[in-house]
Amino acid sequence: MPCNGFFYAWGEALRSLNRNKWMTIASIGVVVVTLLMLGGFMLVHLNLNHITESVKSQVEIVVYIEDTATLAERNELRERLVAHSALAEVRFVSRDEALRRMKEKLGDLVEGYEGSEENPLPDSFELRTHNPEAVGAVAEELARYPAVAKVDYGKATVEGLFQATRAVQLVALALMIGLAVTAVFLIAHTIRMTVFIRRREIMIMKYVGATNWFIRWPFVLEGLLIGLFGAILPLAGLYYIYRVSLDWVSANLMFLTLVPLPLVMVELSKYLIPLGTGLGILGSAFSMDRFLRV
Amino acid sequence: MIEAEGLYYCYEKNGDYVLNDLNFKIDRGEFVFIIGASGAGKSTLFKLIIREIVPVKGTLKVFGHDLARMPRYRVPYLRRNIGMVFQDFRLLEDRTAFDNIAFAMQVTGASSREIRRRVPYVLELVGLPDKANAKVCDLSGGEQQRIGLARAIINRPAMIIADEPTGNLDPENSYEIMNILRSFNIRGTTVLVATHNHEMVKLLKKRVILLDKGRLAADEAKGVSAGAL
Amino acid sequence: MIEAEGLYYCYEKNGDYVLNDLNFKIDRGEFVFIIGASGAGKSTLFKLIIREIVPVKGTLKVFGHDLARMPRYRVPYLRRNIGMVFQDFRLLEDRTAFDNIAFAMQVTGASSREIRRRVPYVLELVGLPDKANAKVCDLSGGEQQRIGLARAIINRPAMIIADEPTGNLDPENSYEIMNILRSFNIRGTTVLVATHNHEMVKLLKKRVILLDKGRLAADEAKGVSAGAL
Amino acid sequence: MPCNGFFYAWGEALRSLNRNKWMTIASIGVVVVTLLMLGGFMLVHLNLNHITESVKSQVEIVVYIEDTATLAERNELRERLVAHSALAEVRFVSRDEALRRMKEKLGDLVEGYEGSEENPLPDSFELRTHNPEAVGAVAEELARYPAVAKVDYGKATVEGLFQATRAVQLVALALMIGLAVTAVFLIAHTIRMTVFIRRREIMIMKYVGATNWFIRWPFVLEGLLIGLFGAILPLAGLYYIYRVSLDWVSANLMFLTLVPLPLVMVELSKYLIPLGTGLGILGSAFSMDRFLRV
């Protein structure tokens, strides 16, 4: 594309956006609305992931020690656990501490039983694995160690939780893919429409001797601009919305930790900008071909 | 410039031939009227010349190139050498007269300085110096037709093809338009005009090709003697 | 039928008057040619008559109704009594000739039996009996023009307004078209024709109104004596 | 509208849908895609609601009885609880039963302590309220009853859960409203577009003397049909998807109970069909006005 052509293409793209204000606004509107929805959903999805991850990382294994184990056996067990490559954290919980915790939970109803020899609870190790999904396998392995009375990892709870999060993630992913497909369809359709409405213009250009690329360039740039604006506006909107949500959550739902703002914006930009501009460009470039055949 | 040999065309498969065994040759610098009743095939012949369509049989050579064999990407360059006035104008209704004409120059990569210099000149030529900034849809039928002519001549093409260029014009303006075409012709441009304005044909005394239901019924050097008029 | 008194029109506020102080009266059953150079205001006058636009000054009465005072909802009924041939045809390009003509009948609530009977008849009348099922965009310029006329006459309107109805037609077809208009006129229809075809005007010897830059320059009872021709 | 006109309008609407196949398919496509998304989201929302409701209804209050309380006091307390209008369920849990439950949780580690006088746990009543949100207030009231040592309702857990569900519902509602607005915008825009593309047709009809309603009817019916198809197809799709999901959930996530199929379909139809057809009709009727002014 020679220099003249370059300026012509940009100038023409801008002029045409201006000339077809109504279509421009509507097209950008469609892109903004779909990407805003998609982005909003990605936000929720990212945070759901984040939250389930943090929940999962709190899943722990409890290894109860045989009451009959000797100190040497206990020490050996601790060392084996500390050396285990799948374990991230190993903490000893004495039977006294276990009882104290239970009392805390039940309140001052069990007062006076501290230090009692009748404490029915055993000593234990609380363990955390690097990979929460490995909990089951690791627990089985540890059950075969000597001096271990019982290994507990809330089998039902953990598996239920994982199944539930897997289900939520599945649904979330389905909705996300649905939204993404919707966005692709709608944006492409909208851009095709702007081309369709101007098919007469395209044909007349061909009649006076324009090459296909001479005609295509302004349309492609137009698609690019529509896609770009249509991606940047929802990003700005989501930035604002997310900042407000973060404030609200940190004030009202302190136990939730959300993905930090910059990380989210990077993630969103990574998808929305290519999606908007890419579809804008491809939408114009390809929907034009059938009108270029004169 | 244009050579037709056994040229056939039909729009529908197995339909009637709209152009039927045309044989003629138009040399560089000629001025030719194409006449014939409504539906005789004049516009179809022009569509073939700008390669909007390709012959179903026979050959058509323009500027020495066989159009049936011309690759798609060469077509724009063919069209830049042919200034065409369309029977239905084919202007961009929602743009100004200036833009419509400038358009044909931009296509060839002309600079905007050149465009600003030349467009007012051709607008003057077709008698519409004060309509540069009027939208095409706000122009009268005859005015639109003249914008169409202005667009056709803006690039000083080697050949001008005008399909019924005076259908919406009063005799005076028609004569003006014919004069413009003649002046281009005198400076070497080949001119083909399809028209129903037989008065003009008689007046100009140029070569006349008469089509009758797609057949070449007459090809006379001087319009005045064309038997069918 | 049509009464214009001190009729002015301009498209832009404070622009030049496109129609300037027109005064004339056309009676029921008259046949009138409106002539004038390109841009004289012929099509504008027709737009006023079908109330596409309203006068900026003066009054225009059609069928005895003052158009400036006519409420919006009455306009369709006015238009049903006026068959108009548009200079740019205004046909639905992607529909068949039949549909385009039938359309104007459906609008009035005609039954489909009536439509199937009458449409072929008018197609025959304008010389296109075999083009009923052709799409308008597949017709030649002159054929489209005749479809436009067929649509205008299909409802046997009280008045026919034809804007340049022969601009794309050969002399023979033009004469046919004029004959159709004349035959309607003989049966009582008022006919207004804007045209540049002065030969036809001379031939028919009807009343001629000459517009010159929006002014009424001449109004002669017999076309042959219209000074400007 | 006379009889002829009625048939004309329907015929014309159908013919025009057929004539503009490409536009028809695209328009229905847009409506289908947006309503499918909206419907899918409504499905998720309905079920989330259902699940949180059932979780909430499982929140219970535990009233621990003073060890020193007499049998009469205990009986009086039971009667007051049973008579309490906010309570749906009252169940006595003896200290033995409480210990058994704890042992169950800890496994066979605490064997041999059954019946021991040393059982540190008190007797208690487990209560369920009619309205889960009332738990806090009821618990406070019960704490003032005689013979009550302590009232426990997992204050932090319950309030955290309610805050969390409130947050989820807020987000879900925001996304739903976003999707609904998107759907309204997209459907209206699409229908306007089909009208815009045919503005020439509309104007020509006016020129040959058609009344505004003569022109409008076929468009309105067209909008209706597009909207109707655009609503019925996603309903059918959602029916199928939901049936499959129900099967999957009942096979894999037995602890989840979802809203039954017929209920969901009624709920969805209630929103999607009016939305589709309403927008189709309004979209055509109003977007035409500016082209009717010739």
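Here the chain labels run A, B, C and D in written order, and each chain numbers its own residues starting at 1.
The rule we apply is simple: contacts are C-beta pairs under 8 Å (C-beta built on N, C-alpha and C of every residue); 3 or more make two chains touch, one makes a residue touch a chain.
As the structure is a computational prediction, the values presented were derived from the model and not from experiment.
*Asks:* Using the touch rule stated at the top, which two chains are linked by the largest number of C-beta contacts?
*Replies:* A-D
*Asks:* Could you work out which chain's C-alpha centre is the most distant one from the centre of chain D?
*Replies:* Computed centres place B farthest from chain D.
*Asks:* On a C-alpha centroid basis, what's the spacing between chain A and chain C, in Å?
*Replies:* 67
*Asks:* Quick one: chain B and chain C, Cα centre-to-centre, how many Å?
*Replies:* Inter-chain centre distance comes to 28 Å.
*Asks:* Calculate how many whole Å lie between the centre of chain A and the centre of chain D, each centre taken as the average of the chain's C-alpha atoms.
*Replies:* About 23 Å, centre to centre.
*Asks:* Can you pull out the residues of chain B that are in contact with at least two other chains?
*Replies:* Within chain B, no residue contacts more than one other chain.
*Asks:* For chain D, what residues touch not just one other chain but two or more?
*Replies:* Correct list: empty.
*Asks:* Specify the contact topology among the chains shown, as one of line, ring, star, complete or other.
*Replies:* ring
*Asks:* Chain pairs that touch, all of them, please.
*Replies:* Pairs of chains that touch one another: A-B, A-D, B-C, C-D.
*Asks:* Could you pull out which chain A residues touch chain B in their complex?
*Replies:* Of all residues in chain A, those touching chain B are 2, 4-5, 8, 19, 200-201, 203-212, 214, 294.
*Asks:* Please output the residues of chain C touching chain B within their complex, sorted ascending.
*Replies:* Going by the criterion above, the answer is residues 11, 35-39, 42-43, 87-88, 138, 140-143, 145-146, 163-164, 167-174, 196, 198-199.
*Asks:* Which of the residues in chain B end up touching chain A in this complex?
*Replies:* 50, 52, 73, 76-80, 84, 86, 90-92, 94-95, 103-104, 106-111, 151
*Asks:* Where on chain D is chain A touching in the complex?
*Replies:* That would be residues 26, 29-30, 33-34, 36-37, 40-41, 44, 64, 103, 106-110, 113, 116, 118, 120-122, 149-150, 152, 160, 163-164, 167, 171, 174-175, 178-179, 181-182, 185-186, 189, 193, 196-197, 249, 252-253, 255-256 of chain D.
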